[in-house]
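Beneath this line is the structure, given in C-alpha cells, with notes to follow.
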Amino acid sequence: MESLEQIRDRLLSRYPGAELSILNNPSPSAQHSLVVGGSAAREIAAFLRDDPALQLDFCSNVTGVDWPDKEIVETTRTTIPDPAGGPPKLVEQKTKRIQPGYLEVVYHLYSMALKQGPVIIRMRTGNRTDQVTLPSLTPVWRSGEFQEREVFDLFGVVFDGHPDLRRILMWDEFKGHPMRKDYVEPDDYEWEPTPHDEVLAKAKAHYPAPAAPAAPGANAK
Amino acid sequence: MTLVQLSRVTPGVSDWFFQSLSSPFIAAAGDSRLERLPIIARDLLTSRLPEPWRWWLNSLLAILVVLFGFAILFALLTLVERKVLGRVQNRPGPNRTGLPFTKLRLFGLGQPLADGIKMLTKEDIVPRSADKLLHFLAPVALLAFSILTFAVLPFGRNLVPVELDAGILYFFAAGAGTELAVFMAGWASRNKYSLLAAMRALAQLISYELPLLLSFVPVIMMAGTLSTTGVVEAQAGWKFGFIPHWHVLTPWGFAAFVIFMVSALAESNRSPFDLPEAESELIAGHLTEYSGFKYALFFMAEYFGMCALSAMAVTLFLGGWRAPLPFLEIVPSYVWFALKLFALLFGFIWIRATFPRLRIDQLTRFAWKFLVPMALINLGTAAFWSLTCNWSGPLQLARWAIALALVAGPFVVMGRKLSRDYAPRTYRYA
Amino acid sequence: MLGIGLLKGLGVTAKNLVGSFHDPARLVTTEYPEQRTKLPENYRNFPFLVYDGTAAIDGLRCVACKICEVECPPQCIYIIPDRDEKGRPTKKPKVFDIDISVCMSCQICVEVCPFDAIKMDQQYEIAEADRFDRLLLKREALAKPNSYYQEIHPAEAAQVDAMLAEARRKADAKAKAAAEAAAAKAATAKPGAANPPTRPPAPSGSTPATAAMKPATAAMPEPAVPPVQPTQTPAENSATGNPVAPKTGTPGA
Amino acid sequence: MSIAFLIIALVTLGSAAVAMSLRNLIHSALLLIASWAGIAAFYLWAGAEFVAFAQLLVYVGAVSMVVLFAVLLTRQSRVDMAIAPDALRRIVAALLAGGATLGVLFGAVVSAPLPIAASATPVTVSVRQMGQELMGTHAAALLIVGALLTVALLGAIILASTGREDPPGVAPPAVAPPTRKTS
Amino acid sequence: MTNSPIVALHGTPAVAGGNAPSEICHSPLAPGGAHVRSVRDEFHGDLLEVSMGPHHPSTHGVFRMIATLDGETIVKLKPVFGYLHRNHEKIGENTTYLGSMPYTDRLDYLCSMTNNWAYALAVEKLAGQPVPERTEYLRVILAELTRLLNHTCLAGFLLQDTGASGTPLMYAFREREKILDLFEALSGSRMMCNYQRFGGCRVDASPEWLEAAKRLADGYNEFLDEYEALITGNEILMARTQGVGVMPRQLAVSAGITGPMLRAAGVDYDIRKVDGYGVYPRFNFRVPLGDHGDTYDRYMIRVLEMRESIEILRQAFAQLPSGPIMDPKAKIRGFKPKPGEAYGRIEGPKGEIGFYLISDGGANPYRYRVRPPSFINLTVLEDMCLGHSIADAVIILGSIDIVLGEVDR
C-alpha cells in the first residue's frame, strides 16, 4: 500500500490545482489523513476509486467533526531597551486571536479488491455559519448516501450533488444541529426525575407551582 | 336406516319408523350392545311419543347431538391446537386457566372457557359506513353453511343424521356457500382494503374448490354411489385378512387423499395458505372490521369447516367408521370415526406448526398448475384401476405397478417443473 | 422430488413434540413464579452499600469520597458528605441517593470504589407504581450488612474480606512500628522536651484503604475453589491468581 | 298446494322482484342469488335431491361468484343506472318482450302432460340411473349447459375489460427506474 | 399520586417528542399499525401508499417503511428512521472513555460483547495500550459466541416473517438462552455485559465456565443440523426467498454493505481475515461466499458462518493460555489518551462495526463516532424491494438483519 505522501504526490501531479496537505496523527495508531480542498474533491475521489494501484472502492465511514472558533492567546516576548540605560526589560504581550472554526467531514476509504488499509481524506468547510457546503461524494461511493444525510442532519454541512439531502435521524421540522459543540438543547428537552446541580437549576424554570413540589424531599438543600 | 329423515319434507309416512324396529334383527357385524348404544338411547327417549311427534323429536335430538358435539370439539380444538403448538415449540402451552376463583389448573382446560368469555365481553365495533345487514349476515351465513355440511357425515354404523342418496354432492354444495359469505364480509365492511383482501381470499377459495371436487370424483366412481354411507359400505372387508379395503390404501386413493387434504387446508384458510391473516395482507384481510363475538364466529366457522372437511376425508378415504382390523370390531364404530377425525385434525395442527406461508401468486399457481392436472390424471388412474379389477395373481402386481407409475410419474415430472428454479444450493469458500 | 424438504421439516417438529414429554432439554420453560432459575453468582442488578458490624449507618464503609458519583455514566448517584459540629468533614455520607430509575446497573461504581463500600445486589423484584419517590433509594434503604454480601456473592465477598483484613493487619503493623520508632525516639530524646503524643492508630473500623492503585481485578470474584486463595498482591502475578467467574449452574448448558 | 310450496314460491318470486327494484347493485345481485337458492328449494320439495344440490353447487357456489365479480370489476359509475328519458319507446319494447315470453311459457305449461295428483311416494331415482340417463340420452343437453356457462364467464370478462383505459393487449408502461429525486 | 410536573410538562404542546412527518395524512389507523391512503400517480393509475411501522409486527423495532404500491408490486419505498435516536455520539462526548463502555451495549443490543470489543479496540489503538494473551482469546471466544447468538436469532426472525408460526424462532431462542446464561455467569448481565476494558477485561473465565462453554459449542452443530433439516430444504421457504431481493456485487461494494450480506453477494471481504485483528490469524477458518446475493443466500451464508464460528471456538478453547486478564499498567480511572485520532473496526455479526475517536488529551473524547453496520446496510433496501410485493419487502428487510438501537444511535 503506498504511503500517504506518494498518494499525495501522484494526486498533485494529476491535479495541479488541488490543495492537498497531509495531517499528521500523533496517536500511536498513526492513521495520518489527507486534507483535500473543496473544488476538485469529487474528481480526486473518483480517481482514488478507479486508480488500479489503489482501487479504494469501499467508503467505510463518513464522519462529521465540529471545530468551533478557537481563541488563541499568543504571548510574544519582546525586549524593550530601557531608555534609562538599565538592563533591557522583558515585556510579554498577550495577543488574543480568534482562529475561525470550520466543519470537517472525514472519509475512511478501504479497498475491498486489494484488501488494503484505510486511506483517510478530510474536507473542510469555509466557516461554521454561511459557507457550509461541500461537494457530496455519494455519486462516487453510494455508502455515503445515508451517512452524509446524517452529517447534514447533525452538523449542518450541506452536500451539493447529494441525490436526496433531507434530515435522516431528527424529524423534518427540527431546528438546529445537535452535534455541534455550541448546540444548546431546549431546557425542557429531557427533564430528569431527580434533578440535582445544574439540571435542577434548569428544571426549576419549568415548575408551574411554588418551589419544587416535585423535587423529592430528600434533595432539599 | 336413518336417525331422522330430513329429505322428505312431505309429511308422507316416512319409513324410518319401521326400519328402526327391525334393526336388532339385522345380523350386522359387531352389533354388540355398545355398538348400538346411541340408537338404544334414542329409542328410550322417543318410544312413548305418538308417531308424527317422534320423528320431530328424533330429528331434534340428532341436531342437538351433532351441534353440541361439534361445539365441544371446537372448544377443545382451540386448546389442543395451542397445546400442541406449544409442545412443538418446547413450551408447555396454556396451563394457567382452570376453574375460575380456584387454584385448580386442569391442564389449561379452562382456556376455551376463558377465550369464550373474552370474546363475548369484547366490544363489537361496526363501522358507521358499513352495510349493517350484510355486516351482520356474513358471519352468520358462513357459520350456517359450515354447519349444514354436518348433516351427511356418517358418524357411526347407522348414525348418519340424514341419509341422502346424493350426500356427497350435498356436502360440497353447502360448502360452496362459504365463498358467498366471505364476499359479503369483505364487501359489507366498506373498507377498500378489506374488499381487496376478500377478493384475494375468494381467489384462493375458488382456485382450490376445483381440485377439492376433482379429488373425490374417483371415489364416487369406485364406490358407485354418491351417498356417504354407500361409500363407507364400499370400503368394507379386508384383503388377506388384515389389509382393509380403504380407498387410501390404493395408489389412486392415496393421491386423491393427498390432493383432498391439501385443498382442504386451502379451503379452511389453514397454515401454508392462511393468507387472510398474514401481516403482509396490508391489514387483516376481510376480517378487519370485525371484532368481539362476530370475530369469534368467523373462527368458529373456520374450525367447523376444518372438522367437516376432515370428517369427509375420513368417510371418503379412510373407511369412515370401519375398524382397521377384523378383531378390532368390538370397539364401537363411532369411536373409530372419532379417532380417525382426531388424527386428521392433529395433522392440520402439525402442518400449521411447521410450514411458512405461500405468497398469493405461488398459491394460485400451485393450485392451477399442479393440483388440478394431478387430480385429472388421478381420475385416469382410477378408471384404469376399476377396469382392471378382475385381474388376478401376477397380473395383480402388474396392476399395482402400472397404477403406481401413473400416480408417481406425473407427480415427479410436474413437481420438477413447478420447482424448476428453486433448489438447495452449494456454497464456495474464499 | 417436491415435498421432501417439507416432510423433513415435519419430522423435526414431531421429534420436538415427542421430545418435550421426556427430554428436559426440549421443554425449557421455568414457570415463574412457582419455579425460579438459579441466579449465577456474578449476577448484578442495582448497587447497595455494605456496612460492617451491626450498626447500619455508622458501620458504612463509604467515606463519601464521591469517586463513584463522578464516574457514574448516567450520573444517578448523589452524595452529600457529613460534617461534624465543628464543620470538619467526617468520613460518612449524610445523603447517599441512588435513583434506580436512572441507574443501568453497569457496576462501574463498584469497579472504581477504592473502599469496597458499594457492591451489586441480586434483588430483581423491585417493581414500583410511582416513578419518583420509591425508586429513589436513600442511604437507609441502600445499606445492607456484610453478611448479606457474603450470602449473595460468596467468593467475591471472601476475597474482599481477606483483602481488608490484610490491609488492616498491615496498617496495624505499620502503626505499631511507628509507635515503637516514636517511643525509641522519645527514649533517646527523653531529656529533650517531651515528644508530642504519637497519633493514636487509626480506629480499626475504617482503615483508609491502601493508597496504592488497586488493580481492577482484585475486586472481582475468586474461583469457587474452596480454599480462599491469598489475595494477589499487585506485583506477584501467579498464574491462577486471577479472580475467575465461579462455577455457574447454567441450566441446560 | 302445501304450505311449503307456497313459502318457497313466495321467497323465490319475492327476492327476484325486489332484486329488480333495488338501486344498490350488490344487494340486487345477492337477492338474485337468493332466488336461485329458492329454485333449489323447489327441487328439494319435489324430491329431486341431485338436481337441487347440483343447482346449489353450480349456481349459488360458482355462477354467483361470476356475477358478483363482474358487478365489482365493471365499476359502472352511478349515472347510467337512471332510466333513459324517452320512456314511451322503452315501455312498448318492454311490453312486447314480456308478452312474448309470457305466451311461450304459458303454451309450454298448458301443453305439457303434468301428472295431476302428486303420487304417494315420489319414485326415488337413484343417482346411478340418473348418471346413465344423463350420459346416454341427454348428452346433448349437457353440452348445451356447458356452453351456456362458458358464455356467462366470457360475458363477465368482456363487461369488465371495457372499462380499462388501455386495451388489455398493451402491457402497462414499464415501471420508471427509481428517480433519485423522490418528492 | 401527586400531580407531578412531569404530567403537566409533557402535556404542554411544545413537547420535544416530535410527531410523524406531516405530509402523510392520518387516514384510518388499522390494526397492525398500517396507515394507508391512496395516491394518484400520473402514469400508474391510482397507487396505494402504505406506511408500515413504526410499530409493525414485522419491522424489527421502531423502523418505518413508506411503500408506494401499484396493485401488488412496490414502486417506491422510503425508509424513515429516528424513532429510537438518542444522540449516542453526543452522550459519548460528554462522558469519560470508561463511561461510554456500558453505553456501547445499547448500540446493537443483541451483540453487546462485539460492540464492547470494537470500542475497546479503537481506544487501545488510540492509546497504544497492549492487551494480554488470555484476554485476546477470551475476546475471540465471546465474539464468536455472539456471532452464533445473532445468526441463530436472525434465522428465527426471517422464518417468522415468512409466516412459520413461531416454531423456528422458539428453537433459535432456546439456543440463544444457553449463550445468554453463559454471558450472565461471566459478566453479570445477559445482554448488557459491559465486560471489556481498555487493555483487558473485567472478569476471568473460571474453568467451570469454560467447561460449560465448550459443551455448548460441541452441542451446537447438532442443533444446526436439526435447524437446517427444518428450514433449508423447505420448498415453501425456497420459493419465498430464492430470487427475492437480489443485490448485485457492484451495488454491494459501492453502497458500503458489509458482513454476511456482502459475502452473500459473492464479495470475499471478512475483516477477521483482512485486518487480522486480535488473535484471529492463529485460527484457520473459512469464509463462505454466495453467488446469487438473494435472501436465501443471505440466510445460508449466516448458517455456514455459524458452523465456522463453532470451528473457531473449538480451536480457541484448545489454545486458551492462562495468565493475567488485565494489563497491569492499564488505568481504569483518570484515563487520558494523548491527543490524536484512531479508527478501530471489527467484523461484528451484522457487519463492520467501527469506532472513530478523536482525543484532545482530556478525559472525554473530543469526537466519538460509531460506524453502524445495519444503518449503512439499509442503503440498498429500496433497490432490492423494487418490483416485489409487500410480503417480499418484509422478508428482504428481515434478511438485512437490522437492530434499531444501532440504526438510530
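Order of writing sets the labels: A, B, C, D and E. Residues in every chain begin at 1.
Throughout what follows, a contact is a pair of C-beta atoms (placed from the backbone, for glycine too) under 8 Å apart; a residue touches a chain by one contact, two chains touch by 3 or more.
In this text the structure is predicted, and so the values were computed from the model without any measurement.
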Revision key, fill the gap. Of B-E and B-D, the pair with more C-beta contacts is B-E
Check your understanding: Going by C-alpha centres, which chain is most central here?
Key -> E
Practice item. Taking each chain's centre as the mean of its C-alpha atoms, give the chain farthest from chain C. Key: D
**Study point:** Of all other chains, the one whose Cα centre sits farthest from chain B
**Key:** A
Exercise for review: Could you tell me the distance, in whole angstrom, between the mean C-alpha positions of chain C and chain D?
Suggested key: 84
Check your understanding: What whole-number Å value describes the gap between the mean CA coordinates of chain A and chain E?
Key -> 27
Review point. Just curious, how far off is chain C from chain B if you go by their C-alpha centres, in Å?
Key: 65
Check your understanding: Which residues of chain E are in contact with two or more other chains?
Key -> 4, 6, 167, 171, 174, 230, 232-236, 238
Review point. Chain D: which residues touch two or more other chains?
Key: 182
Check your understanding: Got the chain A residues that touch at least 2 other chains?
Key -> 193, 214
Revision key, fill the gap. In the complex, chain B touches chain E at residues 85, 88-91, 191-193, 271-272, 274, 278-280, 282-284, 288, 352-360, 362, 419, 421-425, 427-430
Point to revise | Interface residues, chain B side, partner chain D - complex | key: 7-10, 12, 134, 164-166, 169-170, 172-174, 176-177, 179-180, 183-184, 187, 195, 199, 202, 206, 209, 224-227
**Study point:** Of chain B, residues touching chain C in the complex
**Key:** 84, 87-92, 350-351, 353-355, 411-412, 415-416, 418-419, 424
Review point. Where on chain C is chain B touching in the complex?
Key: 1-3, 5-6, 9-10, 12-14, 16-17, 19-21, 26-29, 31
**Study point:** Residues on chain A engaged by chain E in the complex (per definition of touch)
**Key:** 25-29, 31, 57-61, 63, 65, 106, 108, 112, 115, 117-118, 120, 141-147, 154, 167-174, 178-179, 186, 188-191, 193, 206-209, 213-214
